[in-house]
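Residue numbering begins at 1 within each chain, and the chains themselves are lettered A, B and C in the order written.
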Amino acid sequence: MITNSAIQNQQLRPATDKNQSLVLTPLQDLGGFLFHHLGRLLLFLITCSSVLLVLLIFFFVIREAIPFLTKFSLTEFLTTKSWYPEAATPKFGALSLIVGSLYVTIAALIFAVPTGILAAIFLSDIVSLKVRDFIKPVIEILAAIPSVAYGFFAVLVLAPWMQNKWGFTTGTNALNASIILSIMALPTIISVAEDSISAVGRELREASYGLGATRFETIFKVVIPAAHSGIIAAIVLGMMRAIGETMVVWMASGNANQIPSPWWDLSQSVRTMTATIAGDMGETPKDSPHYWSLFAIGVVLLLMTFLLNIISEYFLASAKKKTGKS
Amino acid sequence: MRHIIRQITDRAFTILTGTSVVLLAFALLVILGPMLWRGSKAVIFKDTVEFRKMQLDLYNRGNPANLKVENAETESFRKTVYETIDDFKHGIDTEELIDRTKQIYRQLGKELRYKGVTDEEYQRIRSLARELRDRLQAAFESNDKKVIKENINYVLRYHLDENLAETSAVEFFTLAEDFQQSVENIDLNKRQQYAGSLQQIEEIIFHLLGPRPGDPLPALTMNRYGATRWDLAQKLLDNLLWSEKWIQKEAAQPLVKIRVSRAEEFAGTKLEPLFGYVQNNLDKMLKPEFTVYWQYFIDDSTPGHYFGGVGPEILGTLLLTLLAMLFVFPLGVISAAYLVECASDNIAVRIIRMSINTLAGVPSIVFGLFGLAFFVLFFIPLFGGPSKPCILAASLTLAVLTLPVMIRASEEAIRSVPQSYKEASLGLGASKFRTFMRVTFPVALPGILTGVILSLSRVAGETAPILFTGAVALGPLPKSLFDPTMTLSYGSYDIAVGDRLAMMVPHNQYGMVVTLVLLILCLNTIAIVLRARVSRKLRGQ
Amino acid sequence: MQKGKDKMQISALEKEANIDHIDSVVSLGQKAGSGIKKKKPDCKCAVIKSENFSFYYGTKVGVKDITMEIYPCSVTAIIGPSGCGKSTFLRSINRINDLIPHTRVEGRLLVNGHNVYDKSTNLVNLRQQVGMVFQKPNPFPKSIFDNVAYGPGLHGVKKRSALQQIVEESLKAAALWEEVKDDLKKSALALSGGQQQRLCIARALATRPNIILMDEPCSALDPIATSKIEDLIDKLQNDYTIVIVTHNMQQAARVSERTAFFCLGELIEYDSTAKIFRNPGKKQTEDYVTGRFG
């Protein structure tokens, strides 16, 4: 092995015929400088497209809403319930719409949050890695199903069933929308919660088990409190998903412009902001007060989700700080 | 004791968490299962000869010779049905009979003139005919069997009259005879009721077997054929055999729906054997066969989705998604490359990251508003394009929607490339750019592709952003990027709630939404498999 | 052949730092060295010279005030306890430390007569002339051929035939050719650890550098692979200047002519290997090589 190569070694010697200079010529230097800095600038500008797009979204949606806000009263918009945009004297009271959105969202969360957190605990603490890798695709499939398919199910399967078997007056109501919304929000809640519960790490758990706690006690008294920022972030993100959902609520909530009259009566129809925009826009002529009002609703939606986003970011950042991961 | 409680709570807790996951899986099954099952019926089902006729006429598929043979075979069985109905009608449809007599009378008048009889004879025959006509009318209109008998007999006395022989007036007598025969067994008081039911029955037969041979073709395509699917035929058969009535079972209670056998309703009449006959011979009249209608995915649908498939919708969805990916892929990958390779933790980069997160959180309908306000009304007209919803605007909107997904996935993929490769490449004298292009990017590519596929599946399913930016429910195939298009997502919405016609063809409804779901599930499965392979490769190192 | 067998015997026997063993190893090396380690008259070698060179990670000191010269066509070992700056110094020579943000440099570090930390340094040529082998073998996830051909491809060799020749020569020089010549398209990740490291050496040789830097090249390998690589180093030193950082004092004694002892970022002693191990000048050096700390 070594004997022959002594001869062959003579061929692979340090290069003598190459451009040996370790000093850059001024041209090379300038070229390198330009390429490097211009290249970085170009990449930076392309990356800034995200910032540009966000600004554009805010600008253009607000721009189309401004004519409404200048001509009609903002307080009436936010606090009255009569939404009659096509009447002779149009009235734009969006309160029932806003309440409708919050109503179905909160109802959805009431079901989704406990289920989601329990499922996240199941995945992170109770089953083995193999089973977890098997269940995670199931959750991903739930997340991947498009909202129009959920809406389809809500309208053609769940609504008739509600009407016939349970004797509801109408199958498309707040309960229908809430059930479907909770199923849609579950994957978000589960994956974010599971990430933050897993990130708590073995050490804390080992300390608790070492003191003789049962699994339930460890999870409930040690792990969950340690992961609480991440869990709150998960809930907020689920809420964001539910509030921003359009197709399901448009198809399944009944689109009745009202606030349910005993407030706990989920069997009544409601109307959400998203469904209003989706439903009305098709028939609204451009640059009419109705048109502007829909954009105003869009602004409300945008601000709400932006706020929720910031809140979730805060909690996620505080969760990261606690576990020290980056 | 306390120890036992703790153990029990622990067990209960474990079971509770397991239940939540089981609930999830159950929900998935409940939602997907029936939908996939019903949707598959759009492609795999028992069709009938009517279906094959329709396929031949509309899409030029199938063997005309075979179809002719089948048609001939079914004709004979169907004839009986029509004859039975006609027979019965003669006793019921007095309006028609009266009209017929008037027609015959007028016809007679014309024939007489043509024959060239004398004025006197003309008058005489005419008056005779008039009297016969009036008598027949009286018979037809009367509810009293005695009156009918009297009038019919009067008419029949003249049936050998030579003056009326060889003229249309002969038909008076056949009408009279037929009427007498049919009226024998009928309860004349129920005539109104029979008439109503008969109309329903005729309509059902029309839906089952299509227009009668010899009748003019209806204008609407959907009315030109009978039941194209065997399950539809079965449903119609059930409607034929049973009628629904609302009755008052108990006083002061709401009405209750009950089913009444039509055969019983028409007991003793000429129509009674119809029901048994149709029940036993429907398969011979329709010739059901199992078929796989894979062209469902290619065919256009007749307006209203009554017949046909989802071809244009699939095309539209593919166009929108691929075009959106075209816009978002370079933007996303370059942004991710910058964030990983060049960015330092300064305020600009933090603003960029915040923007990406904000983009990810914007609701999809707001993207629709943005797409309308910006792309449709401002951006595209800026470059001279038409200011209307079109494929270009919709795909641009979808690209903006999916940009954060793309950036996040690409960033994760590029970051997961081991630092050692970068060091080795730089140590050999490669510049940072060449290191990225020749080492980092190829290694990150599978992960980036996973991101692409996930973006594709997200974009394919989105409906809200394209509502006002480029999607229509029904319309022609787009000819350019500046035309709107049908898509699976919007079509599924429309067919579920908007289209009254579509309610009659549930298999088409489910078919469209299932096509969309299957497309997305396929894409997601590919992404999951790809991601598993990538992580196995990286972990195994 | 004899020398190789002896060496393997010794490395297989050794377990812990022991000055007697080192002694015998050093003398063996010297005896053998007198036969082969002659400076060839046409040796195109380079010189590395550091003048008061300091490297800072932010405010933390990497190395401080290093002044030493590395002689051409030889093997120089750098030893010292963990965190003493050996790798920092090594990685400064080819400026691979640039990857780390917030670093600062003082003094001069000259390679082939040019201060590499000068603003006008041609990094591409520098790294072509100064090759590096890392601690953990890091072949690219490409084929064996593509791994070795990567470097020459960067520096302008495009023709297929020229690349094939360079790949073959490099693999032979790295003593890997016989083992892989049948299937150069095989993925480099399919090789064993020792083979991967030799591949990395071949990859570094392919750019035909005159200096090779090795950062603990055997620390991730088993003893047999280690000895193969030490044989390789021994063979390469005829044409290349090799600087090797190592934790393993026996290894330093086995392969190098001169040894530098670093401690806490400073160069404590730099002399011929025999002197460092048998008769160190500074007390710290003696404490380290006799195993009193480290």
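Just so it is clear, a residue touches a chain if its C-beta (ideal position, glycine included) is under 8 Å from a C-beta of that chain, and two chains touch if they have at least 3 such contacts.
Keep in mind that what you see is a predicted model, and the values were worked out from it rather than measured.
Student: If you tally the C-beta contacts for A-B and for B-C, which one comes out higher?
Tutor: More contacting C-beta pairs are found at A-B.
Student: Select the chain at the greatest separation from subunit A, using centres from the mean of Cα atoms.
Tutor: Chain C.
Student: Between subunit A and subunit C, tell me the centre distance in angstrom, where each centre is the average of that chain's C-alpha atoms.
Tutor: Here the centre of subunit C sits 52 Å away from the centre of subunit A.
Student: How many angstrom lie between the centres of subunit A and subunit B, each centre taken as the mean Cα position?
Tutor: Those two chain centres are 33 Å apart.
Student: Quick one: subunit B and subunit C, Cα centre-to-centre, how many Å?
Tutor: Spacing between the chain centres: roughly 74 Å.
Student: Can you tell me which residues of subunit C touch two or more of the remaining chains?
Tutor: Touching at least two other chains: 125-126, 128, 155, 207.
Student: Considering subunit B alone, which of its residues make contact with at least two other chains?
Tutor: If we look for residues of subunit B contacting two or more partner chains, we find none.
Student: Considering only the defined contacts, which subunit B positions touch subunit C in the complex?
Tutor: That would be residues 344, 418, 420-431, 434, 438-439, 443, 537, 541 of subunit B.
Student: For the complex, which residues does subunit A have touching subunit B?
Tutor: Those residues of subunit A that touch subunit B are 35, 39-40, 43-44, 46-51, 53-54, 56-57, 60-61, 63-64, 114-116, 118-119, 121-123, 126, 135, 137-142, 144-153, 155-157, 183, 186, 214-217, 219-220, 240, 243-247, 250-251, 274, 277-278, 281-282, 286, 294-295, 298, 301-302, 305-306, 308-309, 313.
Student: In the complex formed with subunit B, which residues of subunit C make contact?
Tutor: The contact residues of subunit C facing subunit B are 94, 96, 99, 101, 123-128, 131-132, 134, 136, 138-141, 150-151, 154-155, 189, 200, 203-204, 207.
Student: Per the contact definition, I'd like the list of subunit A residues that touch subunit C in the complex.
Tutor: 1-3, 5-6, 8-9, 11-16, 18-24, 28-29
Student: Of all residues in subunit B, which touch subunit A in the complex?
Tutor: Residues 6-7, 9-10, 12-14, 16-21, 23-25, 27-28, 31-32, 34-35, 331, 334-335, 337-339, 342-343, 348, 351-352, 354-370, 372-374, 377-378, 400, 403-404, 407, 433, 457-458, 460-464, 467-468, 489-490, 492-493, 496-497, 506, 509, 513, 516-517, 520-521, 524, 528.
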